[in-house]
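Remarks on the structure that follows.
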Amino acid sequence: MNAKPFHLNRTLLILIILLVVIAIWKPVALIYGFQRGGLYALIALPLALILGIIGILNLGHGDFLTLAMYIGYLLFENLKIDPLLSMVPLFFIFLALGMGIYMITIKYVLKSGELNQLILTFGISMVIIQMAELIWTTRPRNLYVSYASSSVSFLDFSVGTYEFLYPALAIGVLIALRLFLKKTKLGQAATAVGQNPRGAEIVGIDTNRVYFTVFSISIGILGIAAGVMLPRTSIFPLTGSPYTLKSFALVAMAGLGDLNGILIGGITLGIAEAVIQSIPGYGGWSDLVFFGVLLAVILTRAYRRSES
Amino acid sequence: MKRSAVLVVCLAVLFSVVFAAEPIKIGAVSPLGDITGKESTRAMQLAVKEINDAGGVLGRPLQLIIMDDEMKPASGAAAIDKLATVDKVDFFVGGMGSGVHLAEIPALKKYQKVTVWIGAADHNCENAVGADADWYFHLHPWDYQQGEGYGIAWTEIAKAYNIKIEKVFLAYEEGAFGTGSYTSYVDFFNQAKKGQGSWAAVMKQFVGASFKSASLGGGDYRAILNQAKSFNPDLFVWAGYDADAVPIVAQAKEVNFTPKLFVGAPPGWPANYGKNPLAENVILYGMWSPTLSDVSPAAKHFFDAYVKMYGEEPTGYFAPLGYINIYFLAEGIKKAGSLDKNAVIKALEKVEFKDTALGEPLKITPSKVVKHQGFKYQKILQWQNGKQQVIWPLDLATAKLVYPFSFKK
Amino acid sequence: MPILETKHLTKRFGGLVAVDDVNLKIEEREILGIIGPNGAGKTTLVSLISGLIYPTQGEIAFNGKNVEKLPEFERSRMGLARTFQLVRPLQQFTGLENIMVGALFAAGESLKKARESANEVCDLLEFERRNLHIDKLTVLDLKKIEIGRALASRPKILFLDEVMAGLNSDETWQMISLIKKLRNSGITIVIIEHIMGVIKELTDRVVVLDSGKVIAEGVYTEVSKDPKVISAYLGEEE
Amino acid sequence: MKNRTGLIIAVVGVLSVMISLPYYSGAYFLSVTMTILLNMTLAVSWDMMLRTGQLSFGIAGFFGIGSYVSIVAVSNFGVNNVVSIFLAAAFVAVIALALAFAILKLRGIYFAITTLALTMVFSVTIRNMPTLTGGSGGKVLYNTIFNGDTTKIYWLILTMALFTILLSIVFEKTRVHYAISSIRNDEVVAKSSGINVFKYLTVLFVITAMIQGVAGAIYTQQYGFAYPETAFSLDFLMLPMAMALVGGIYSTWGSVIGSVVLGLVAEYLRLVMPHGSKIIYGIIVILIILFLPKGIYGTLESKLRTTRNGARK
């Protein structure tokens, strides 16, 4: 009975000590890592939702993000909507898109095995990328807002302020999701479905409705993420693709169904990456850190489980 | 006697008419999904149209058969096989992407047709082609030639504008493209230390560091910009892709890093880069700019013709390169007077353009390995008021260098 | 010498003690019943012996050899077989193929031999619809598969975990006569059962578990009168 | 008996057509066929592992390692080209075996993401060992296998594909089939039925990794170069997976049919519509998943089975 809290304390303690060490050694890396990690978490949250509740690994995750960025870009170019404001219309547009995609495709593969779902989303991803390539070409687009590169200076450092929005939004979305899952009836149903879909169906939960809602909300959140990324990201057909893998890695690291873990994991990985990048000559290894940490976490967990 | 002469003449005319209908087939392999491949093949079609409108070559029209290599090595190789055996083309032209080209080279070697290539700057490709391949012509400068050219350029610029360039920092993307640049800079630095090579006068100190390009999922340059900032270079160069272009200046502004010369060396630039206030006075390595129309009639002709045909401006230098590719080949065939391979090779070796769509002359010279290399150096351009102005070569300059670089408030 | 013996066998899950210092002796060719209220640790005990989970403490001796550290598949090859409370047929196979799996691996037979053995087992079980796919079979068929797979592995000792659950009375009687047949063929049998009639009919001896501990042991008619046993079951009904 | 003779005639017929292909097909068709055979090999090998219930995302990783071992062996150590392929197989087998102990405890998405992460780890490692591997700059092979003789390279690829198919069929017809299907259906039952789960998973993992490594080695020998981006390209993961799915998983013929169908469709689309052909390809994949969830072969097979059963009744 005592073992667990003690263990948690120890992990936390190690984490805190590590952070303090990094803060003294590479204070800027800590900030950069915190900012980037927030972005990883923000994008991984909806993937976790779809994977955890519907059980589908959406390989088109990053490509929906790409699409959202293009739409946001168009809103900015044609209607002069500020990218931060465009988060609102983007959320609703992608909520609707999520509904549509669910109705015409996802709905029909719910019963046909995770592999079919995987390849279906792979097909969707391919269609989005190719469409973007055909319509907008591979040439990147960027939009300019002056506040995106504003910064504050202290001592010798100049630190950007804009990217603090990433972790802020990640926390915001996390809180909103947790409220939704805890306080609303549909949210509670979703939690139940995530834990035991068959059981949930037996007690009369309309799983189809839950899946529909969860899928659309998740795609909608990608609209929010796209909005906040727009001012600082180049938009091209493959912009979002790498985030699919990173999000998947984060979810696996946090463990299915652990939304808080995604935030903590995202920020941890962001910091680890930033620290490696800041060491001259070793920047090329930063990817290895990401996947190295992931492997370490998954394997330790598997080992611990088999021990008990 | 008279009658048979008439008959011979008639037959000859008939024959030549029939023969004229038979086009000269050129197979092009390019990544059509990519902007570079799309625009270069469009420019090729433009050139073919112009040549055919003017009566073709040797009285025969040119026919361009385009295959998409999908940026996949195996698809590129299969495309060469298809063009050679199914379409039975007489010549090959194309394409970009060293990774794809390396897979195409064994297939090209199998058919040994006269080949004029515009992209693939990696010297690995040159090595794979080998010195024996006299049928291979390469127009784009090799990676090491580009590096050499920059050294010459900065030396001349330093002298012309009386500025000091000693400390060089290279930020390079960690893939093949960036690493290739880095290796060549290291070579030049090693030479410069001995007082040799084109960089001897402008590279007293050199530091390089890699980043992950936004096009491969990176896009955070702040660590590397901070490293550069503490080095305080006179010349800061980043070798990445078009997707890095805007974020890297935005983040440079954020960390308050203002090198005196801020240079980008991507193969292409993002749409509307010039309109971005952050772009002002950023310097770029490239081969072409619309402003060349002011100083080069050939560049002006190409630009106007392209805009007229497609209703939009070409965005990068692969368009004029593709255009030149076709004209170069056509000129060789014309000079050779036949499609005989050896005659065409001999003729192409002698082709000389005083002015091209790139605004500079073209003449074939040997490079390190291959015998037939076209352009040697890139140009140095600077974004000024939303336009790419040519700074170097000095005789082609369309504007004066704005120095030093700073961010507008 | 008993065919199977456990010494101080204990399993803890976190703070919960599921099996608590159990000492069992099972003699060759007997039918032993294990009874107890829900959550008494019966299935956990079987899983410990079969090797699905490993004990926190204690020993398991099978034919005089300590097996508590051996992986499950090796124990099954030595002749320890079990069925599962909820039937677990292999969805992809036919009934016969399901049974073949036991013969192939636990008994180590060749494909051809395994097919013959599986057919023999089916004959013994009077399992006619053996060549049909799982989704076309009845509950009784699935129970037969569950037992058949264990039997095909040529066990020395067989643990039957609630095989009667879900069967009607006809089917239950069929099953009882089957188990008797098995014992006559020389297999030691341990049955876990809720239906006391079955226990009474079949067992030579019973062991009563409550909260992981053995609270009584002996012939069913005597054990059933034990006040400790009665109170344990009464406790359940509340 | 009659059935069997028919089968033998069919097999011999197909084999002789395949073996003599270089003599009557053009270079282009041969080239396309080689790509299809390569993807077929990867698809079948991936499916073989999948039959144990383990979804591997590691194809590209082993493919890339095979590529690099082969090219490094030839160009740095002067190993014979053909020998280098065996060397790649051995090297990949050793790595897979070592990994097996660490990762074959994992299941489901954890196994999948771990194999994918390993692919990334491999490629970053290769990229950061420039003296041996050429790093990001890639590596070029100047003396290619069989001096670039396409016919011989084709036979080599054909041999690889046939070997993989044969092995897959052997696994389908022997006790291996019962072992791995049981593991996939219910691991607990498999263990209690005497199946050494870890042994079978390890054997399958090592063998399929080896096949993928060999495929990488042959691919690299065929084209004579390796870059981290091309050798570890996720194309070598996603396309074979899609092919197996479209053809029908858990069977040799499903992957074979899927790779032929998708391979030909992709090539045909590329010819008839130079722009946007991949959109159509993607839509075809989506439609097949939606309307033929068992894949082409799987649907055909179950149709056949019902009609056969109907006839029997």
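Residue numbering begins at 1 within each chain, and the chains themselves are lettered A, B, C and D in the order written.
Everything below uses one rule, namely that contacts are C-beta pairs under 8 Å (C-beta built on N, C-alpha and C of every residue); 3 or more make two chains touch, one makes a residue touch a chain.
Keep in mind it's a predicted model, so treat the numbers as computed, not measured.
Chemist: Using the contact definition stated above, find the chains touching both chain B and chain D.
Modeler: A
Chemist: Farthest from chain A by Cα centre, which chain is it? Let me know.
Modeler: C
Chemist: Decide which interface, C-D or A-B, involves more C-beta pairs in contact, and give its chain pair.
Modeler: Pair with the higher count of C-beta contacts: A-B.
Chemist: Can you figure out the chain closest to the middle, judged by Cα centres?
Modeler: Looking at where each chain's C-alpha mean falls, the closest to the middle is D.
Chemist: Could you please state the distance in Å, as a whole number, between where the Cα atoms of chain A are centred and where those of chain B are centred?
Modeler: Spacing between the chain centres: roughly 39 Å.
Chemist: With chain centres defined as C-alpha means, what is the inter-centre distance between chain A and chain C in Å?
Modeler: Taking the mean C-alpha position of each chain, the two centres sit 48 Å apart.
Chemist: Would you kindly tell me how far, in whole Å, the mean C-alpha position of chain C lies from that of chain B?
Modeler: 77
Chemist: Would you kindly tell me how far, in whole Å, the mean C-alpha position of chain D lies from that of chain C?
Modeler: One centre to the other, that is 43 Å.
Chemist: Mind pulling the residue numbers of chain A that touch at least two other chains?
Modeler: If we look for residues of chain A contacting two or more partner chains, we find 130, 133, 245, 284, 287.
Chemist: On chain B, where are the residues touching two or more other chains?
Modeler: 33, 174
Chemist: What parts of chain C, by residue number, touch at least two of the other chains?
Modeler: Residues: none.
Chemist: Along chain B, where are the residues that touch chain A in the complex?
Modeler: Against chain A, the touching part of chain B is residues 33-35, 38, 174, 209-212, 214-217, 219-220, 222-224, 226-227, 242-247, 250-251, 253-256, 268, 270-273, 275-278, 315.
Chemist: Would you mind writing out the residues of chain D in touch with chain B in their complex?
Modeler: My answer: residues 26-28, 30-32, 34-35, 38, 127, 130, 135-140, 142, 144, 148, 150, 219, 222-225, 227-230, 235, 267, 270-271, 274-275, 277-278.
Chemist: Please give the residue numbers of chain A that touch chain B in the complex, ascending.
Modeler: 28-29, 32, 36, 130, 133, 137-142, 144, 146, 148-151, 153, 157-160, 162, 232-234, 236, 238-239, 241-243, 245-246, 274, 277-278, 280-281, 283-284, 286-287
Chemist: Inside the complex, what are the residues of chain B that reach chain D?
Modeler: Those in contact with chain D are residues 32-33, 66-68, 70, 72-75, 77-78, 81-82, 84-86, 98-99, 102-103, 105-107, 109-110, 122, 124, 127-128, 130, 174-176, 178-180, 183.
Chemist: Quick check on the complex: what are the chain D residues that touch chain A?
Modeler: Of all residues in chain D, those touching chain A are 50, 55, 102-103, 105-106, 109-110, 112-114, 116-118, 120-121, 124-125, 127-128, 238, 241-242, 245-246, 249, 275-276, 278-279, 281-283, 285-286, 289-290, 293.
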